[in-house]
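Below, subunit A partners subunit B and then partners subunit C, in two separate complexes.
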Partner chain A sequence: MTHDLSFGWTGTIGEVTLGATRDDGGTRSTSYRIGGGTTLPFLKNAPASPTPLIAFEICDNPDFWSPIIRNYCGDLVNSTTDWAKAATSDYQADLVKLHLTSTKVRNFSDIASVQKTVEAVLSATSLPLIIEGSNEPKIDSEVFLKCGEAGEGERLLLGTAEAGRYRSIAAAALAYNHSIIAQSPIDINLAKQLNILLREIGVQRDHIVIDPYTGSLGYGFEYSYSAMERIRFSALKGDTDLAMPMICSAADTLTIKEVREADPASIDDVAVAWEFYTGVAAAVAGAEIICVRHPKTIGLLREAFAGMKTSSTAAEVP
Partner chain B sequence: MTDVEFARKHGDQELQIKVPALSGSFTYDDTAYHLPISFALTGIAVHDKPGAQEVYAKTGNNPIVASECLLAAQTASAGKEPEPFTGFISDTVIRKLGYSLVDGSILGLALILGKPANADSAAAICRELQEKYMLTFLAGDVIPVLLNSGVKLGLDYRLIPLGSKSVYGIHFVDIIARVAMMFGGVTPGDMHRLLHYAAERAKAIVIVFPGLSDEEIAFVDGMRVLGFPILTPGGYEGGTWITAGAEDIVRRGMEEKGIRVNVTAIPIPMGCSPAFEGKSIRKEEMYVEFGGGRSTAFELLRMRDASEITDGEVTVIGMEVDTMVQGSANPLGIIIDVAGKTMKKDYEPVLERRIHNFVNYGEGSWHVAQRDLIWVRLSKEAVAKGVKIEHIGKLLASKFRMDFPQLLEAVSVTLITDPQKILEAKKEAERVYEERDARIKGMKDNEVNTYYSCTLCQTFAPNHVCVITPERMGLCGALSWLDGRIAFEISPSGANQPVEKGAVLNLQNGEYEGVNRFVKKASHGEIERISLYSVMEYPMTCCGCFEAIALMLPEVNGIMVVNREFTGITPSGMTFSTLAGTIGGGAQTPGFAGIAKNFVLSDRFLQGEGGIERLVWMPSQLKEELKSRLEKILSDKGKAGFFEKIADENTATTIEDLTVFLERVEHPALAMKPLM
Partner chain C sequence: MRTVTFLPSYRKIEVVRGTTILDAAQRAGLNMNVVCGGQGKCGKCVVYIQSGKTEFDAQKYGRFFTAEELSKGACLACETLVQGDLQVMVPESTLIQEQKILIEGEDNPIDFRPSVKKYFVELHPPTLGDPSPDLSRLLWGIQKSGGPEAEKMYVPLEVLREIPSILRHSDWKVTATIGLVPGGYRCIDLQENDTSGRVYGAAVDLGSTTVVVYLWDLVSGKVVGVASNYNKQISCGEDILARVNYARKNGLTRLQTLATESINSAITSACNTAGIDRDDIYEVVVAGNTVMTHMLLGIDPAYMIAEPYVPVVRRALSVAASRIGIACNPNGGLFAFPAVSDFIGGDIIADILACGMAERDEISLLIDIGTNFEVVLGNKEWMFSCAGAAGPALEGGEVLFGMRANPGAIEKITIDAGTLNPKFTTINNIKPRGICGSGLIDLLAELLETCVIDRTGRINTEIDNPRIRKINHFPEFVIAWAKETDINKDIVITENDIKNLIMSKASIHAACVTLMKEAGISRHEISTIYFAGAFGNYLDKKNATTIGLIPEIEINQIHNLGNGAVVGANIALVNRRVRKQLDEIAHKIGYIELNAENAFMDEYTSSSFLPHTDLTLFPEVQKMLETCRLRKG
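Up next is the complex of A and B:
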């Protein structure tokens, strides 16, 4: 049975540039231009869609990280720079995503350390960097200022802007020319509203990546999937306020009972399986960046994407 | 008293003489924007007299441009002024300032010029500006006056001394010009956009004390083009400057420019975001809980007069969380008092429902249900981080202000944990609930021409559309027609939209042309027709939130209803959850309809199938819940005794048992027109 795959779509997903090479005033070894799609990914006989990028997530305070990953990565997790290096050379990620979990400590005040961490990670890896900043509105302003400053020229992707909490991150994006992740709680209308708010504050469309929020497989991922699908359909039908690339992080999967309480002998396999299937499903729904925490998930995802037969990879900016 | 208009004319003349007399070259270091005002206005990089003259001519002899060029030339020849004066401020600093402006940690910019006669009132003005998150620039004699009275100046104090003379205030304008170029997407030379940005986006006010020269007055008055209100505590007349008393001048200026002090962050020791909304707190993660049948609890939002409320006030009556036993259930009354010019009493229940979302936004707080059925938990983690009951109040007070800035001007929260006092307060709440219910009770579908849609659930059921009428509330049981109307008033582009009923297509089934048109559009073309009162023909779509399901049982020519709480098997051979899985997701399934439990009590219930006589089976618990009300309705209709003919799981669990039961009680459905 064959389906007609010409949907009559008129929209194109906007492109966002991640990372800046020396030629563009940064120090990254490569940069990516994501987005640009005109239909759904992985369709046979449809225009080729770029393979989703895989970001490996690390953090600067492993107390806030899943014990599964702490055990698997071992000592690495205690050195943000070594971990970032491993992500680049051993795990072969496309992107490094740094979570500033150190700012989660109660009454965190060592703002200067944020700058040092960002600078250290930028020199430890030459991949484009995603940074998840503060988790505490009170220190947003200072943390994002430091992130923005420390990464000036590097075209970072900064996270995470939310409807009630986007000004600091927007300010950092505007002041230092970074892009931002705009997260809404699995709701297309809120996603659109946030993008409009960001536009009103001055953030250009080509600096926004949508995070529709990724629920865990078995714990609401189907809602995420549906929201992503609808965001993408609307974009392809011509809604420019939703025509941005999407990012998905499977982070929640490591905290659900089935994974957390898996048999110790197979816990890594379970964690990887959960991340993998979430990642594949998110990619099918249209996500341009898939974030994972288990190193072993990266290779599997890459293999799967290759198997799903897309004819080109993400366009590298020459 | 200085006449502004006269001084402006004279000042303009002076500047016209001085510009052609410029000499040498003049540039600022540490900027990529040359002379920023001239550059932003014309795109011309001025660094000597010809450039200055060109820009001056192009801008129609603008006094601001003239002053910028003259000051740059003077700075170039005489050097920068010594500390504490900052003089021209570098791009790096502006980037940070711009950051704070976008970020909201600075609400706006103020410029103070001239020589205040009274040091104390000048200091008070500065203090007020500091308190209101304004970044203030100072130029001229005001600086020594403030320093002499002990006011601390510098970026850390948000009081920046630009220079010894008022003309240094020109740097205030070059800062705004650079912010417009850096953050506002204004391209150099795009005068129109620059002026638009300055007028619409730059939140700036100017306060002028006496003692300005005519040239200085000319440039200050020139700032009116940028849309900055120019205020003075006195000493100037004529022109359009605003005279205001020292104690009122900041408020007046901020009001003129529309600078509002908003709540930006909630001062509580836990995260607060919709991202936490879906997280539940399980028993083992819980520190304490309230309500949920384990203790008395309720919530109530009331409108009050503004004079009765102190905005942001949170009061806890009774124990705080630190004196509660871990794992225990405690009483909790949440009373929210709100005031606002556009607030209406009708909005109370709609706003009250937001308590549910807001409490769930807390990283360690959880909330379900409504009114006096609420169930609230605080997590161990949150309590360990220092979260108290008081913080739930703070969260609510802040969120209501943040989310309804146009509607609410003051919000205060009272939390009652005292087991005695809560009983009294609950009585008052129950009275209010009854009043609210009575308001909607008498309304009939044929009395209104407009129904309301609800597409909240399109998040997960993309093509689902609820149509809410006075006699048929949303299938989730949470939204009445009145709520829909109010939700639309509050947020006109939200999920509740008016639906014009239009021409009648089928009166008995409740099918209307306008409703069909709306549903087709709102369901993205998926659903063409719906009937409001029929289960069999074009029933409404089902999202997944329905309180109960009404479905046909062709074997007995009747309709059964099963509610979500009933876990057993029904005569249809399926449980609630199996049924729910079959019909949800926004589909239209003839023979099945998602309904609110209370819809059973409506005159419109099963109208398309011939009325309530079709009802053959309901779980006993639902029967019990509806019994007193349903029996009264039935007896009013002359159908007393029908209630007993409705089977339940005690009389029939299979279709065979049901057939036997219905025949024995001579259920009217058996003799009705065949359903299929």
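Up next is the complex of A and C:
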């Protein structure tokens, strides 16, 4: 049975460029232009959408990281640079996403260290970099400015702007020409509102990536999926305030009961399976970037995306 | 019995031991602020015992007072029992203050067809040759004087009993009052001599806060007196819910009595102004919300406040006014407006009547805003309605310096884009004490236009201006410095206040959109928006559009109906034909239960933005805000 997949959509997802190569004034070995889709991904008989990118998440203070990952990655987690190198060469991620968990320590004030960490990671990996900055309004401004400054010219993706705190991250992004992750709590209207707020303080549409907030599979992912679907449908129908690529990080996956309390012998498999299925579902909903924390998830996702990828030629349709 | 003396007015009342001071005060005619309905929850009914023995649990309710206040005899009137003779000081703040009450309705030429008419007749006394009974003699006389046909008139026993003596005592010169009732004509009253020029009617808006009465001369078709006062039920709870709960606890009698007393005292003062006798009022038409109407008629409203929200009756009712204690002619009638549902009551039907939307082809949107809001969309063919909670923010509740429209409330405000200095006017032009609803809407619009707040209502604390500051990390904007105010405190609006306001406006706008979607129309098809109620009269239409309280349409297509309920009641009082249509209108209106509407929450979130997440719904506002933003740089 074939379905008519011509939806009559007129919109196109805006493109956002991540990373800058030498030609663009940066030092990355590659850069990505994400977005640009005109329909949903993985559809037969429809123009092919670009395969989602896979970002590997690391951090600069592993105390805030899942013990599953700490055990699996071993000593690597104690060296942000080694971890970033492994993400690039061993795990074969498309992007590295650095979480500045060091800023979560109570009364954190060593802003200079932020700059050092970012610089070190940028030299350890040549992949485009996503940075998840502080989560504390008091130091937001300084942390984001330091990240922005350290990554100047590299077209970073900075996270995370929310409706309640977006000014300081936007200021850093505007000053150093980086892009922004705009996160809203699983709601199409709130997603759109944040994009309008960002636009009104000068952030261009091609510098925004939507994070619809990704619940873990079985723990609210169905809401995320539905919100993502609505966001994408609106964008394809022509709502330019929602026509941005999406990024999904189902970080909660590693803390849910089923994973946390899994049999130690199979805990990695359970964690990877959970991350994998959440990631695949998010990709089907239209996410352009899937973030994972377990190295083993990367290969599985890549394989799955290759398998789902369909050609745009009508000839292949049975 | 114990005597309670209320100071400073020295009003005395005798009560039995164990009566609450609140009860005593109410009986003494003092209207106290009782937001919670006398449950000891709100701490508003503060009084000071000067002398005498009382029973009050200072431990339990101590949280409402400072130690100093307690030592001066402070207590809650609703929780203090009279034990001996007392002297009680009632601070001004405990009493309900004078409020800007909306009396004027929109001027409308009214089609005059009253349902009560008097006929002066001079009859020939009976003789042996003409021995027809008194009644037929009278009825024939009325018919000959231009009244209805004799056979079509019904004369109740009470009037019949009076006929023989009045006819003979007046030497067969009498005035009969004939009313048109659902079954035909009814002889309401018989008076000696010619009183045909004295027939009056009262149109009543029975609001949950205020009662407004218009007194009409039903011969000349002119208004002869207007009066208003508080709904005395306020002493049993400020909002409807508190009053229904009061009724559940203490029975309905008190609330029924207070409703009629409120109407009666307004009727009395209107009569005094006009110099007429209450007994010459033959008809009273009451438009009130569904709960008020139930309470006035003494019908138990207890089942209306819980799911599935069913009223006892929704059609129009005609009853003898004396049966519910209304101060008018003992044979006078009372007509109560029909309702659509628990939440769309006779007051809204009166609004619809007043604006005439049920007679036109064009589509109108009617919005009545209070703590609750009601919205009606439609034309002469169809209508949809819904109601919901707007929250108290637009009436000044849940806003730090919010207040009702009392003297000293900032009611209009503009903010200079450069200096951010506000310019405002207050009610009665005294130093400001707070901000009322219309002021809050202005403020929200002005803060948005001057880019002090973003579209979610967050204050941009990066702006360098002394008026923008953070208190304990919470951003706020200073409207008036302490020295400029009447309360010696900086009057501010906090980010939290703004959030509450946005929630209120969002629920109203979302309700409008829900009805529009139900009807399948866009904002372009709405020809007119009507604001009903006091609130609409004072608010700035442009600012109401700027913040997205209402759908964007041409400003000159937005009308303030004023007190639509009293206008509607007036129309129904003087035009009997209209009364027949009311049930039809009420039946035509479809009621949308927002709680059951899945799309409502979505519309609400999307309306929780200034003016709206979908900016294409507000093209002119959007243009204006873009200009403001560019000017700011």
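Basically, the second predicted complex is superposed on the first by the 309 of 318 C-alpha atoms of A that agree within 3 Å, B and C clash if a C-alpha of one lies under 4 Å from a C-alpha of the other, contacts with A are read in each partner's own complex, and residues count from 1 in each chain.
Just so it is clear, a residue touches a chain if its C-beta (ideal position, glycine included) is under 8 Å from a C-beta of that chain, and two chains touch if they have at least 3 such contacts.
Since we're looking at a predicted model, the values are computed, not measured.
Participant: Is this a clash or a fit when subunit B and subunit C both end up on subunit A?
Facilitator: clash
Participant: Have a look and say if subunit B or subunit C is in touch with more residues of subunit A.
Facilitator: B
Participant: Give one of first, second, both or neither to describe whether A:Arg106 is in contact with subunit B, with subunit C, with both, or with none.
Facilitator: Only subunit B; A:Arg106 stays clear of subunit C.
Participant: Using the superposition on chain A described above, determine whether A:Ile196 touches subunit B (first), subunit C (second), both, or neither.
Facilitator: second
Participant: Determine, under the contact definition given at the top, whether A:Ala163 touches first (subunit B), second (subunit C), both, or neither.
Facilitator: both
Participant: Does subunit B (first) or subunit C (second) touch A:Leu145, or do both, or does neither?
Facilitator: After superposition on chain A, A:Leu145 lies in contact with subunit B alone.
Participant: Which partner chains sit in contact with A:Glu222 here, subunit B, subunit C, both or neither? Use first/second/both/neither.
Facilitator: first
Participant: By the touch definition at the top of the document, which applies to A:Asp187: first (subunit B), second (subunit C), both, or neither?
Facilitator: both
Participant: Once the two structures are superposed, pull the subunit A residues common to the subunit B and subunit C interfaces.
Facilitator: Common to the two interfaces on subunit A: residues 163-164, 167, 187, 189-190.
Participant: Using the touch rule from the top, collect the residues of subunit A that touch subunit C in their complex.
Facilitator: 163-164, 167, 187, 189-190, 192-193, 196-197, 200
Participant: Would you pull the subunit A residues touching subunit B in the complex into a rising list?
Facilitator: 106, 135-138, 140-141, 144-145, 148, 162-165, 167-168, 170-172, 174-176, 183-190, 201-202, 204, 213, 215, 220, 222-223, 226-227, 230
Participant: Note which residues of subunit C are touching subunit A in the complex, please.
Facilitator: 454-456, 458, 460, 462, 602, 605-606, 608-609, 613, 615, 629
Participant: Considering only the defined contacts, which subunit B positions touch subunit A in the complex?
Facilitator: Subunit B reaches subunit A through residues 95-96, 98-105, 182-185, 264-267, 269, 271-275, 277-278, 385-386, 402, 458-460, 462, 495.
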